[in-house]
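After this come two complexes, each holding chain A, first together with chain B and then together with chain C.
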Partner chain A sequence: MIENDTGRKLAVLVCIWAALLLAPYWMPPLGGYTALGTRVLILGLAAMSVNFLLGFTGVLSFGHAAYFGLGAYGAGLSLKYLAPSTPISLLMGMLLGGLAGAILGMLIVRRRGVYFAMVTIAFGQVFYYIAFQWSSLTGGDDGLRGFSRQPLDLGFFSIDILSNADNFYFFVLFCFAIVVAVMGFILRSPFGRTMLAIRENERRARFLGIPVERHIWIVFTASCFFMGFAGALYALLNNFADPKGLHFSQSGDFVMMAVMGGMRSFWGPLLGAAVFVVLQDYLSSVTVNWMSFVGLLFVLVVLFFPRGLLGVVRRKLVS
Partner chain B sequence: MLQLLLFNVTNGLIIGAFYVLMALGLSLILNLSNVINFAHGGFLVVGGYIAYTITPYVGFWGALLIAPPLTAIIGLATERVLIRPLYGRDPLYSLLLTFGLAFIFEDGTRFIWGAQGKPVTVPAILAQPLSYEFFFITGYRLFMVVTVALAVAVLFVLLRYTRLGIRIRAGTLDLETVSALGVNVGMLRSLNFAAGIFLAGLSGVLAAGQLGLEPTMGAGLLMPSFIAIIVGGVGSLTGTLLGGLLIGVASGVTAVFLPAASEAIMYVLMAVVLLIRPRGLLGEEGMMT
Partner chain C sequence: MSLLRVENVSKHFGSLVAVDNISMTVEPGELRAVIGPNGAGKTTFFNMISGFLLPNLGRIVFDGEDITSLLPARRVWRGIARTFQITEVFPELTVRENLRIAVESASGFRLRVWQSRDDDGEVKARVVDLLEMSGLTEKADRLVGELAHGDQRVTEIMMALALKPRLLLLDEPTAGMGDQETYDITQLIRKLHHDQKLTIVLIEHDMRVVFHLADRIMVLAEGKMLAEGTPQEIAANEAVQAAYLGKVAA
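Let's turn to the complex of A and B:
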């Protein structure tokens, strides 16, 4: 039985990675385009970062878009003013998002439940507000422009990720794989088990001598680093950083992706992001009232699929 | 300078009073039902637009009386159909649901009334300034403050002295015990939700007279209300009252010296409060923290 389970998990993993690796080849015939696949991958990574905190530690941050947006601005500003290098911009974006999260995290880790959610929303808006107001640096409402991702220079040859969409997709997939591997590694470690313990019963974890606040702070900070990284990739994808990427409605989208795909599963948020992005892309092309439909989607998922798509599948498999 | 300062403090108090009205509605719902009502701004906008629609028939005063209860009825229906099934679950779900509702409200009002801003005419008696020296204290602003003060007083009296109010306060502390004592908790939550939405509707009518109406205005007014609740302390209505006035005055005073930071000061205030007194000014430790 256990062997069977491991076998199935392995088969699922192979399928996921095969689908991701071959996406530039199977997406266009189905009516998609490669940049859409790249967007799914990046937003999926962001949703997985949110879920790293929400699904595995049980802490609801509703302001994570702030760190995503900070990552985007960090990457954009680095490319524009610091150095025309893609890896450096990714690093700067990740650092900006992660460090901001680390500092704010100290202020908020002692709050719980709805209080935590409210404080994260409010603090997230601070960055939106700064990006909006400080227009000499960030471009304000119009967003940050005037930078573009640079070819990857590997010494003996360089890869053009700017004009070749497929190359950029594979570059993003490579980054995605690294971050996902780090996440998976943390979750499998004793620290990851402790995260689950906190999620399941915080009081008991505390009685066992686990420094719950410190653990939550570490997880929060880690997820902000992941988020900043995803945001930096997003800025590279669009060659543009937008204050809307920091807004709490973007945070809501990320949480929605995680819930829609299945909060309790590792890959669920990626599936949720895929469905969400494709649906939004389609709806905004066919109706001006797409906002209502997205809102309706929120309501329907909450009322009828609170476990998410993978949760439903898993339940079917068990019964 | 003094006049400028006075102008901005008054202005801040008036804006603060407005935040208070909105935040109290949010706070009521949050305290009893543990629901962060993201659609509160949406209900506010709906209230404003209802007032706009019925003003030609019943006048401003009629709209002031009719629009808030109508909004409360919409709120009641929403609570019954959509939010009630979520009470037993993680607060995440009601948060996401009301978040989606906010989208629907914004898009719906745009669909029905158009994206263009709509002005609401206030009665002439309220539109004129009361004194030429202090030109900024218009009748309408005074009227707003008086209305808010009245609404807050009525709310606090109801909570203090009526059976329903006592049950709501008791339920905030321990809903399970209240339920065990034979109180219909579902009904209590519905009425409490409707009361919160009533305040949102009233805020909407008042905002319509001062700011005009736009489908997107709800989202912008939501964040200061959140901050008011956090600064005042989750779980305490008096705290919310204090928090709202405080951030209003703080942003009013800041507007004198550093206009660009007049909104940022609210966040700074929140960060300082969380650093020094994590539970908020009047919040009690252990209450939903």
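Let's turn to the complex of A and C:
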């Protein structure tokens, strides 16, 4: 029974990674294009980062786009002013998002529930307005332009990730795999189990000797680092960073992807992001009100499938 | 030296005085019961010892150290574990996972982000021990939320034990249980007390349990200490009888 369970899990993992690895080959025949897959990966990574906090620790942040946007600006500014290097830009983006999260996290971990969500929105909006107003550095409302991702220099040869969309997809997939592996390892560790403990019953966790605030801060900070990394990738994808990436409506989108896909499952948010991005891509060419359809789907999922889309798929597989 | 010394603690909620100037000394290896009618302040008193509430007045000393205003988690690290009147477990995790989290926390593995799966044999062995002691081995891989009330209660006590406490606080361990379950849990507490010489303070309504287990009994009524003594002394105490029978204690 237990062996069966691990076997099935392994099979699912193999399927997921095979689908991701082969995406540039099966997407075009189905009417997609590689850059769409890249978008799914990046936004999926962001949604998984939000879910690291929401689904596994039970803490809802409504301002996580701030760290995503900071990651994007960090990468863009690094490429534009610091060094024409893709790895350095990713590092800078991740650091900017993560460190901002670490500092602000200290101020908000004592709040709970609605208050926590409200404070995260407020701090997020602060960054939005800074990016919006500080035109000389960030380009203001027009966004940050004038940078582009650089070829990956591996010493004896370099990989063109700028003009070759497939190469860039594989590069993003590689980055995605690293971050997802880190998340997976943390969740399986003793620390990861304290996260579940806090989600399940904060009072019990506290009286088992788990310093709840400190653990929430660590998870919040980690998820901001992941978020900053995703944001940096996003800036590389678009060769552009704009204040909308910091706005709380963007945070809402991430939460929506996580909840729609299934916030109790590890891979749910990726599925949520895929549905969201593909619907957006398809519907926005048909109607400007594409969001009402995505919103409708979201409401239906929450009402009828509280475990998310992946929860439904899983139940089908089991029965 | 006494293990726990509570000195003249009081707790007010607005104008309500829930606990009024109560002192208690618990010796190592002792089993102390705290009884009293509803609203006597028993749970509030407990909450101050475990750090869930801070007293307005008074001092709490554990093993020679002032812990009056220490955070709950730090009290756990010093060896105080508790259960709650309304069972507090992790309902959507299995019994095994519930115990494992407690064992890992007690082992100081809380911050380990490496070490995946089951590579720590010591943790695993301790979880198995606890499961055997509780008689829950067969239900180990079921979600705690799906178990009967009695089994959930036992799981909570086992989680507290997993912390290797020096002082165990049990808030109405037999609340809402049937006769057989009450008997089983009483036997378990008795075993912990006799075999492992564990120091236990418990709140209990079931007088059979109290008189069967306790070395000493403290009686609270309306936030005040009414009496304190051995079970024989308490049984013979007129003020206690009056409080329980609802007469005015003159």
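Keep this in mind: the second predicted complex is superposed on the first by the 314 of 319 C-alpha atoms of A that agree within 3 Å, B and C clash if a C-alpha of one lies under 4 Å from a C-alpha of the other, contacts with A are read in each partner's own complex, and residues count from 1 in each chain.
Here is the rule we go by: a residue touches a chain if its C-beta (ideal position, glycine included) is under 8 Å from a C-beta of that chain, and two chains touch if they have at least 3 such contacts.
Just so we're clear, the structure is a prediction, and the values are computed from it rather than from any experiment.
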| item | value |
| --- | --- |
| Touched partner set for A:F62, first chain B, second chain C, both or neither | first |
| Which superposed partner A:F191 touches (first chain B, second chain C, both, neither) | second |
| Partner chain in contact with A:V302 - chain B first, chain C second, else both or neither | first |
| Which partner, chain B or chain C, touches more chain A residues | B |
| Touched partner set for A:I103, first chain B, second chain C, both or neither | neither |
| Chain B versus chain C as contact partner of A:F207, first or second or both or neither | second |
| Touched partner set for A:G252, first chain B, second chain C, both or neither | first |
| Touched partner set for A:V294, first chain B, second chain C, both or neither | first |
| Contact set on chain A toward chain B in their complex | 54, 60, 62, 107-108, 110-115, 117-119, 121-123, 125-126, 129-130, 133, 248-249, 252, 255-256, 259, 289, 291-292, 294-299, 301-303, 306 |
| In the complex with chain A, residue positions of chain C that touch it | 50, 52, 71-73, 76-77, 81-82, 84, 88-93, 97, 100-102, 104-106, 109-117, 156, 159, 163 |
| Residue ranges of chain A touching chain C (in the complex, touch as defined) | 185-186, 188-194, 196-197, 200-201, 203-212, 215, 218 |
| Touch list for chain B against partner chain A, complex | 30, 34, 36, 38, 82, 85-86, 89-97, 99-104, 106-108, 111, 219, 223, 226-227, 229-230, 234, 260, 263-264, 267, 270-271, 274-275, 278, 288-289 |
